[in-house]
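Every chain is named by a letter (A, B, C, D, E and F) in the order it is written, and numbering of its residues begins at 1.
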Amino acid sequence: MPTEQVLPLELIDKCVGSKIWVLMNGEFVGKLLGFDDYVNMVLEDVTEIEPGVGKQHLPKLLLNGNNICMMIPGGEGEDVWEE
Amino acid sequence: MPTEQVLPLELIDKCVGSKIWVLMNGEFVGKLLGFDDYVNMVLEDVTEIEPGVGKQHLPKLLLNGNNICMMIPGGEGEDVWEE
Amino acid sequence: MPTEQVLPLELIDKCVGSKIWVLMNGEFVGKLLGFDDYVNMVLEDVTEIEPGVGKQHLPKLLLNGNNICMMIPGGEGEDVWEE
Amino acid sequence: MPTEQVLPLELIDKCVGSKIWVLMNGEFVGKLLGFDDYVNMVLEDVTEIEPGVGKQHLPKLLLNGNNICMMIPGGEGEDVWEE
Amino acid sequence: MPTEQVLPLELIDKCVGSKIWVLMNGEFVGKLLGFDDYVNMVLEDVTEIEPGVGKQHLPKLLLNGNNICMMIPGGEGEDVWEE
Amino acid sequence: MPTEQVLPLELIDKCVGSKIWVLMNGEFVGKLLGFDDYVNMVLEDVTEIEPGVGKQHLPKLLLNGNNICMMIPGGEGEDVWEE
């Protein structure tokens, strides 16, 4: 059965209005309000996670697509490493 | 109720004339005077914050969008980490 | 015999529906669902490998082409260094 | 009173012929001779400042916009940190 | 005698079908199969060289032009430093 | 007297056929054979300088504009720091 293709901007578009987990040189979990072709993103009700430092809440912010490494739909922001 | 979408450049546009907090490899709080499609930004009356070093005031400057990680509307430039 | 040329996006296109190994500042092995001209990629059933930390499974994610260093078709995600 | 908007390339354009302070992974103070849409810049009579190493004079150079973090009109290249 | 100009993509084009040495945050020596305007490259029969770690063979891979620093036609992948 | 403007690509164009000093995460001095709008450059008869390691000669190479920080026309590749 051929794989159902999912384009990058389609995946992001499906996440608008939902929670996502974005990894850059910091980590952010929040509701996606909008994005553009450069993968710049606007998030609301955001938890910023700085591994080893803590968490902080930010009402609304813009993340620069240039520096985003990875986006996980509906992520909880918790790494679950297995050795 | 469907989420009211906010596009990245819309969010920045709403901030023109107001204070914003920009995080790159340094941090800057100042009044946004203008921006372009590459998220390059002109700020005025700027406090540069170098964590662990101090703060300094800069009258006006250009920040290169390429190296901007995050922009927070109306931010005070104070991290409030919870363990 | 002249070399049979393979363009970058052709190589990626051939991998859609198959497993690939992507190296950024982390490593990912998963099934490629789609990509775009900026080499942004959507992977499914993904194993994230953090050398020295461990592995974790992620159902679906977007990788930002900007930060991808290398993609290996059908890779197993195991380095086989020879001294 | 509405804020008088200043676009990034406008700010740079106003600096042509004047001294500017450019911060990348090094710092440069010199007279701006020209620039382009990618914020690439040509400077003349340039002092390169390597914090902790020293200063050196360079007659003319090109700075790659890609790696420029910040430009300050008329800067002296002296940080004035307040604790 | 005026210098015979060689444009970047011309130089790469001349290398298709031949061995090249590509330096990013790792080093790769292999046969160039194809490239595009973003200097993304497809290599075959590739030796990856991790200075201080070792070498490994990879059948075919894509290198992201964004993160390529340097390409040397016909290189052997051996640094020959003189003090 | 108004400043005689010099655009970035004009400056590079004037250097074709001459020696230039290019600084990235390494340093290179060589004859410029060609360049493009992305500031990718082809150099010939190149000395690569790795501060603290040494120098090595490379016949011809491509430097990726993305990772170039600075270009100095006619540079000798010798830093002359004053405390």
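Definition applied: a contact is a pair of C-beta atoms (placed from the backbone, for glycine too) under 8 Å apart; a residue touches a chain by one contact, two chains touch by 3 or more.
Each chain and its UniProt protein: A, B, C, D, E, F = LSM complex subunit LSM5.
Given the structure is predicted, the values throughout are model-derived calculations rather than measurements.
Path length between chain D (LSM complex subunit LSM5) and chain E (LSM complex subunit LSM5) in the chain contact graph, taken as the least number of steps between touching chains: 2. Centroids built from CA atoms put chain E (LSM complex subunit LSM5) at 39 Å from chain B (LSM complex subunit LSM5).
Here the CA centre of chain B (LSM complex subunit LSM5) is 33 Å from the CA centre of chain F (LSM complex subunit LSM5).
Chain C (LSM complex subunit LSM5) and chain E (LSM complex subunit LSM5) have CA centres that are 19 Å apart. Those residues of chain B (LSM complex subunit LSM5) in touch with two or more other chains are numbered 66-67. Beginning with chain A (LSM complex subunit LSM5) and continuing to chain C (LSM complex subunit LSM5), the ring of touching chains reads A, C, E, F, D, B. Touching chain A (LSM complex subunit LSM5) in their complex are the following residues of chain C (LSM complex subunit LSM5): 16-17, 24-26, 31, 33-36, 38, 40-42, 44, 50, 53-58, 60-64, 66-67. Taken in their complex, chain D (LSM complex subunit LSM5) has these residues touching chain B (LSM complex subunit LSM5): 2-12, 39, 65-73, 75, 79-83.
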